[in-house]
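Think of it as A, B, C and D in the order they're written, each chain with its own count starting at 1.
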Amino acid sequence: MSLSVGFVGLGNMGAPMARNLVKAGFEVAVFDLVPALMASVEGARAAASAVDCARGVDVFVTMLPAGRHVEGLYLGDDGVLANARPGTLLVDCSTIDPGTARKVASAATERGFTMLDAPVSGGVGGAQAGTLTFIVGGTSAGLERARPLLSAMGRNIFHAGENGAGQIAKVCNNMLLAILMTGTAEALALGVRNGLDPAALSAVMQQSSGGNWALNVYNPWPGVMAEAPASRGYSGGFMVDLMLKDLGLALETAEQSGGSTPMGSLARNLYRLHQQNNAAGKLDFSSIQTFYRPELKD
Amino acid sequence: MSLSVGFVGLGNMGAPMARNLVKAGFEVAVFDLVPALMASVEGARAAASAVDCARGVDVFVTMLPAGRHVEGLYLGDDGVLANARPGTLLVDCSTIDPGTARKVASAATERGFTMLDAPVSGGVGGAQAGTLTFIVGGTSAGLERARPLLSAMGRNIFHAGENGAGQIAKVCNNMLLAILMTGTAEALALGVRNGLDPAALSAVMQQSSGGNWALNVYNPWPGVMAEAPASRGYSGGFMVDLMLKDLGLALETAEQSGGSTPMGSLARNLYRLHQQNNAAGKLDFSSIQTFYRPELKD
Amino acid sequence: MSLSVGFVGLGNMGAPMARNLVKAGFEVAVFDLVPALMASVEGARAAASAVDCARGVDVFVTMLPAGRHVEGLYLGDDGVLANARPGTLLVDCSTIDPGTARKVASAATERGFTMLDAPVSGGVGGAQAGTLTFIVGGTSAGLERARPLLSAMGRNIFHAGENGAGQIAKVCNNMLLAILMTGTAEALALGVRNGLDPAALSAVMQQSSGGNWALNVYNPWPGVMAEAPASRGYSGGFMVDLMLKDLGLALETAEQSGGSTPMGSLARNLYRLHQQNNAAGKLDFSSIQTFYRPELKD
Amino acid sequence: MSLSVGFVGLGNMGAPMARNLVKAGFEVAVFDLVPALMASVEGARAAASAVDCARGVDVFVTMLPAGRHVEGLYLGDDGVLANARPGTLLVDCSTIDPGTARKVASAATERGFTMLDAPVSGGVGGAQAGTLTFIVGGTSAGLERARPLLSAMGRNIFHAGENGAGQIAKVCNNMLLAILMTGTAEALALGVRNGLDPAALSAVMQQSSGGNWALNVYNPWPGVMAEAPASRGYSGGFMVDLMLKDLGLALETAEQSGGSTPMGSLARNLYRLHQQNNAAGKLDFSSIQTFYRPELKD
């Protein structure tokens, strides 16, 4: 007997995730403020409202833009916590600030629910292919209950710690990613400016102590990797605007906890300056390469 | 019939490299200003001077501290270029500024010699174990002539491009390494400050888009990797002082070529402040973790 | 006939400000959660509560630690806006985030009050001497009504713009101050490291294009200015912890408005690293000099 | 009886400086590789060569582009030191690296000459108006001998210390200037983005603890100061390219002396990125404002 799932938030990420749940045989109810998006998930039932979508299901999944949407949906007398069936497993896949994630999970726990924060990485391509990475905060038992669902939508599932830990690990990872990408672009620009071939330099560094994810699968120099966004005008991929959102969450988390993030802060400021000087908000985040080498824009 | 090799510069790196050449069956002459160091390479002949060491050999190898030593040894009427046998293959394994590397190689080429710049990475441990990485600048033909020797001292051999390219690729790689290590330390400190376990966070990031060499083999948080310098009080490894030397070469190269290196410059300044505020010059470079988390020093 | 004033928040800054109002002849009621602080303002009446302190006065002044205290006091059914006499002039001298300042002022305006945000600079010394600087947001008419009071507590009064503008101008100024101080300490350390006398270099830069407030009145090098905190072990003055609070507000404001602040972000991170590596939170903010020159700590 | 002066280097700065010497009644000989430039200094005698220009004069002044030109002219068997009359006072007004300045001065001292390094600030406008600032390294006695000349070309004369101190003080000052200007542009952009009027915010900060030279006489926001480069499309003034040259000297000096310059390094990198992304090399250095606020470019 298959589990029933409620899924709220059918944007670029949420809709293909819900479709993968249907494909895997779950009984899926969906809701989004835009009716056409509900229709786009064939085989799913359209719920009358977000809260209605949470009623009577075994697992309730949300994929929303920001902390205030998550808080607004779950809390309050008209919220999910006040209306869902006891025992419903709650899984928030949104990328939001850790403080809100903890607050909502704490309220859920008080009412007897098991809740997970399970932000994803892997982008729209990963959502469509069912190869997302989930970084999960919450109990091990909760994670095991969610595993069948998560496995239908993704390939890697990491347990980062207690509630909120999923969000924290994600912002730490994405801050590091911004640093890696910026640093890789900077090293490539320096080498090319001094006569090196970008592919040869990439190969050396990839196999040396400079090796990192960007050199492995996401080289920012046009032409080095045929399938990377850099080789198609920096279209597709992970937009500069979204990287700026994640960096904002990381630095807010650092600020609130008294941490120092000189490299992450500088990466964020370089991305912001790139976005504004080069109208680059909708380009892939590897386009930071052109900030170091403006002629690559042409 | 084995090749004869002259080897000048028997410091922490040079001496074990020369010993590996002897072990591999090459006929080795050595020179160093410190006689005891020559005696430490058993099976090698002690030459009377650096230039004498270059006379009559098939291949001449140098491992010196800085560009001015390389320039001083090769150029001038009393230098190697004026005294070596025509046809001698010249291999400079020192890490020096690319400008000097090109200047000396250019003078060598004018006199009919084949010269390579072949700086190494892998540290004292790699020199002893014969597992160094060589990043080579020069012609492919020259590299092939040197390959038997380099293979006796190292495991990976990369061809970065023309003369000087080895030095440039090395400074690019090491600048990127400083950025990766600093960024990784920063992300770990942020996560731990917000309640995450450093090993769990490391595992998540290593397998996600934050993955990089430091997380793979050189984790900067004490205890996460038993064999890393972080787990033995940041002793051994690659000293902060040496990282500062390499960052100096990288930023000088950037300055001379009109490049911008905001992330590399910041990493260098963080390393300098760490060195001076924490008396950390002789510690492994992963000790930058303690700059973000001073309590780890105790 | 003198104006009656209610004053809430009698900390290091608020108490001397209230005393200066009494001294200038205003009829003053005060409130603080700590009774002894109320007793410390001789000649003032101790109110029963913060809201009680706002009842029946001509002008109501607050000096509170953070935005949530201001919001908590003014808004809500039990708040000042619901209980003060129509026509009361409201003056918030706290340094808080501009968003909260605008929100509270907007609520005040809806209820027919005139409200000003009037954060101060000048420190405890300025509060005691009555020489504070007020940076005011609100209408010109409101500022003119407040001028007699502000003149009793301070020397300079600037009109920055509409409600919230006082807070914004203050965070802009203090971010710039952090940059100036850090930059000045950096330039002095560079010069001294290269053999210059700190006083001679200070004199040159003060009168040249490097001239700034720090060189004029607050030199960070010990001994250059006898009366500066640097010459008394960096005690007194404006604490690193407080500068970090103001930098947090500045960067939060930048983040929310999509601005880039690379220099301000770096200054904040340097202050944070200095605070944590040197246990410097309670030292004057010019102690950043010792971060560049650790031997000055001894 | 007037002093005789030899003057070599008649570029944008040197030519008006030499003209001011003629105007003040000195007997002037000039030399430049471009004959037309010699003709442009009416009332001066054109020498046959740079060294010839140094023969038989009381004071010899140079204004050259870089350290290698200064070294080339003064040292060597054909140089000024080998050919000038004993007792000639040597004054180098070029902005060069402190190391070269010390090396040349040391050679001069060995041969019995008194030499000063006396780099200037104030730009082409100051050179024409005779209002330059001289920052002098060398003995007090030497400075007093030079004072009549320097006073004919400038208004402020600072004694920074021994030989080389003039150059060091200048690079410290100009590094601080880059930090001030960048920080001021950043603070103005932040305020305007949040609704403040740039002139009102400038006035507040100028009179508060953010006060600095840029706000006093060189406001980077268009229209705030009618006579500043910002109000004429950032034309004229002190070019970004020249600021980058001076920042290069500052950071090279820091590197060689083991200093840390995080703020100066970041300012340099922001100027470089601005130069390359906005083709801004020939614009005044206050144009960094448009890097924070790209719409100001239009």
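Keep in mind that, in the parts below, a contact is a pair of C-beta atoms (placed from the backbone, for glycine too) under 8 Å apart; a residue touches a chain by one contact, two chains touch by 3 or more.
As the structure is a prediction and not an experimental result, all values here were calculated from the model.
Looking at chain B and chain C, the chains that touch each of them are A, D.
The chain with its CA mean position farthest from that of chain C is B. For the pair chain B and chain D, the distance between C-alpha centroids works out to 39 Å.
If each chain is reduced to the centroid of its CA atoms, chain A and chain D end up 51 Å from each other.
Within chain C, the positions touching two or more other chains are listed as 258-262, 266, 270, 273, 276, 292.
Contact residues on chain D toward chain A in their complex (touch as defined above): 262, 266, 270, 273, 276-278, 291-292, 294. The part of chain A that touches chain B in the complex is made up of residues 98, 121, 133, 135, 156, 158-162, 164-165, 168-169, 171-177, 179-180, 182-184, 186-191, 193-197, 200-201, 203-205, 207-213, 216, 218, 250, 253-254, 257-264, 266-267, 270, 292.
Residues of chain A that touch chain C in their complex: 248, 251-252, 255, 258-262, 265-266, 268-270, 272-273, 276.
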